[in-house]
């Protein structure tokens, strides 16, 4: 417990934890203050995500390579998953899909671009292992393409026959989870050396004892779930007040908030001239959303949601996801980076954000 | 003739030849047993395609490098061409187009992915000449893009002005065949060294004497033509009985059947750690469909078909062809392969197959 | 002045300058001879563009590296900009957009493909610095993607809500110009070595004295502006007479005419086995259209045009721009070239040109 407090004293990001009790207090006293609740829940999720990430890594270190890697890979996007599950239970499928699409775009454009920019401001030209980067970009592209088939075929045909799309989404979810399982076996079992450098980088922080880590993991997951519920309840009214479309909130705000902890690691890696680490986190995290989080949510919708959720995205989201993964593939192709590459990748992200912000709310 | 029988005894695939007389017998006695005829014709085409492939190679070896290469390149997809011509004569343009699109997708996803998987199960990481692979993937991409322009422009504009699309398709067919001729001159005449390894691999089987090879070539082509006719007649009724859409049959069944012989070579190459051979067969065969088979069918439709056939594909097929060739380009970019790459490429193929299978028949 | 005449005597391209006075004479005497005026203005722009290019380079050499590079980069597409401004003032937004799209497609397909073909006819296989080529192709891809977001999102949604598209285009124009400014700082300030070889190649021609260069620059820009005005006035009637769609004129004719001077440099580089130079000019020029010319025209439309111009292109143009930049990225990926690569890239360009030529005028 002392270690937990030490950690909190050392890491200014964790001071935001003060917003967690503040959120619950406001929720009790002013349940109709949607915009305030929205702001507080965003601020409360960031430090919880950081704690979750540290706890996962500590458990991973203690349990040895294979199980630890598995945990790390599976729980790496736990925050995104918990937020999306809260939205799923509330039947907010538009928000769920926007957050899936947004997480892929944010990881492969914002996290990658900001890493290149931050790294490039310190180092003239940064080189990284381009064979691994290409392999990971290839995996991300394939995962995204598989995820987008229902939208592409359904949308291209102008036929949104719902029975067809629903059964296709279910079959696809099963296929993707099988592919994800095989991917874990590949990463941890048969070919761990390809992803070695990325895993290595995170161990610099001091791990917690197993007991503390497990308790933190359980407690913080519960807190994230409670905060997410407030977040999902307040987001729609708050978006109206703030003049933001729901697409913007799901795509940009939720995605940035959910990935805050991973971004901290990726940016630190870039500044230390370890771009392999940054690229691995950004592309790996995006792949995981497509291969694991998205299909789990489809399956969960059969249990938790009012109706089965399909994997049909709105056409603009499809275009953005495809462009984001192709950009990631093209940009990591040369194995070299300089600050302007980061600027251009961020420009594409800003263009997307601007588009979503300006999009009429009805769209 | 003895050699032909020896070959048949040695190669279990050729035992399927027994289905050729069975097919014609059933056709005489039970012409209305569509599903049975469909199944038998599929089983009969596979060994005929293998014989055709071996005969072509034998003629190629005997006639020396230049003419032989020309023959090999031109007749490599003879089975697909003969099946499509049968469908063309019957006016089944949907089936013709589905089989063109399916052959490109099957070659660049299924053949490539299965080669990576089969090779990867034996070898930890396989390397191959990435400069050649990129060149071939680039050719395939350009060929596919050229093929898709009428669909992309026509579809994107929502204007399917048929006169425009028909004359565009005719001009395009002439352009593609000229490009194909120049490509042959490039491959065989000015730059044979780039494609050297792929051609080399096939010579391991004992070639037949020239006379036997020519007779086999002529006779088997005739048989394929006869079997294809039964296949095309029975496919629509059989698809209804089996609950398959026509798109699924053309895209998946015809394409797998037509490419069976090449797949055997590609897979054997992969297991022998000669991925250059596998990649060359898969990408080269797909390019040939786009640059040679498709335009020949457009021109042939003016002679054999009821009306001129255009090159406008349904939007879902366009998306699948583009994704397939981009996947092939991305995946061969690193010059390295491991089993999971194969799994992911096959996953994209399975997703396509599942989509087409579930697609409502009216779509 | 003597130097200017020497230059004219030496360079046969400049003999076309005789068409400039001819154009103005015809305009006075036969203002209704649209097709003749159109032809003369096309012929008059070509040598003016060449003079403009030489004058810019001469000023650039005299003013030292940083300012010179800035001038060269900013004025490199001055001809395209002046023509487009004339069309903008006339309110011909379709023509303006077609010329933007056409310049990107022509630079990245025709200029690149013809360089590969011309170089490949002399040299068996040409190698060039693939890391730089990939970086430049990446920049071009990102620039094009940013430019296309309004069309992609607007078009994909079927919602062409004009207020949304107009404000998005304005925001985008500002973003792109900021990115362009940062790109200049990158190219000239922090990382000049990456683009070194491209800049180096142009200095072989003897530079003019500064005074002559500045006077030429000012005078020729004025002439191009006057000729462009005649061109824009006559183009619509002439296109009708010649049976060409306006899309074809903007996309193909204007783009080829505007880029004539750069093409001469790129092709000369290719024949001298300096493909780095050719690739740099082709891709750099295309990037500049997307990042600088297009947003400047949007901003200028607020001052010069009847209404604000958006960046929403017709869907066919979007497809062509995306395919062109992806082709450029794929083709420059291997760092090797041979004549057939050029043929295939030109084939894609020819396919586009044929499509636009056949397109019904109403489309």
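Things to note:
Note that the chains are named A, B and C in the order they appear, and that numbering of residues resets to 1 at the start of each chain.
Assume contacts are C-beta pairs under 8 Å (C-beta built on N, C-alpha and C of every residue); 3 or more make two chains touch, one makes a residue touch a chain.
Keep in mind it's a predicted model, so treat the numbers as computed, not measured.
Bringing chain A onto chain C by least-squares fit of CA atoms involves turning it by 120°, to the nearest 5. Because chain B and chain C share one sequence, their contact can be compared position by position; here under half of the interface residue numbers appear on both sides. Separating the CA-averaged centres of chain B and chain C is a span of 40 Å.
Counting partner chains per residue, chain B shows two or more touched chains at residues 333. Against chain B, the residues of chain A that register as touching in their complex are 131, 134-135, 137-139, 141-143, 145-146, 149-150, 152-153, 156-157, 159, 161, 164, 167-168, 171-172, 175-176, 179, 182-183, 186, 190-191, 194, 329, 333. Listed in rising order, the residues of chain B touching chain A in the complex are 124-125, 314-316, 318-320, 323, 326-327, 330-331, 333-334, 336, 338-341, 343-345, 347-348, 350-352, 354-355, 358-360, 363.
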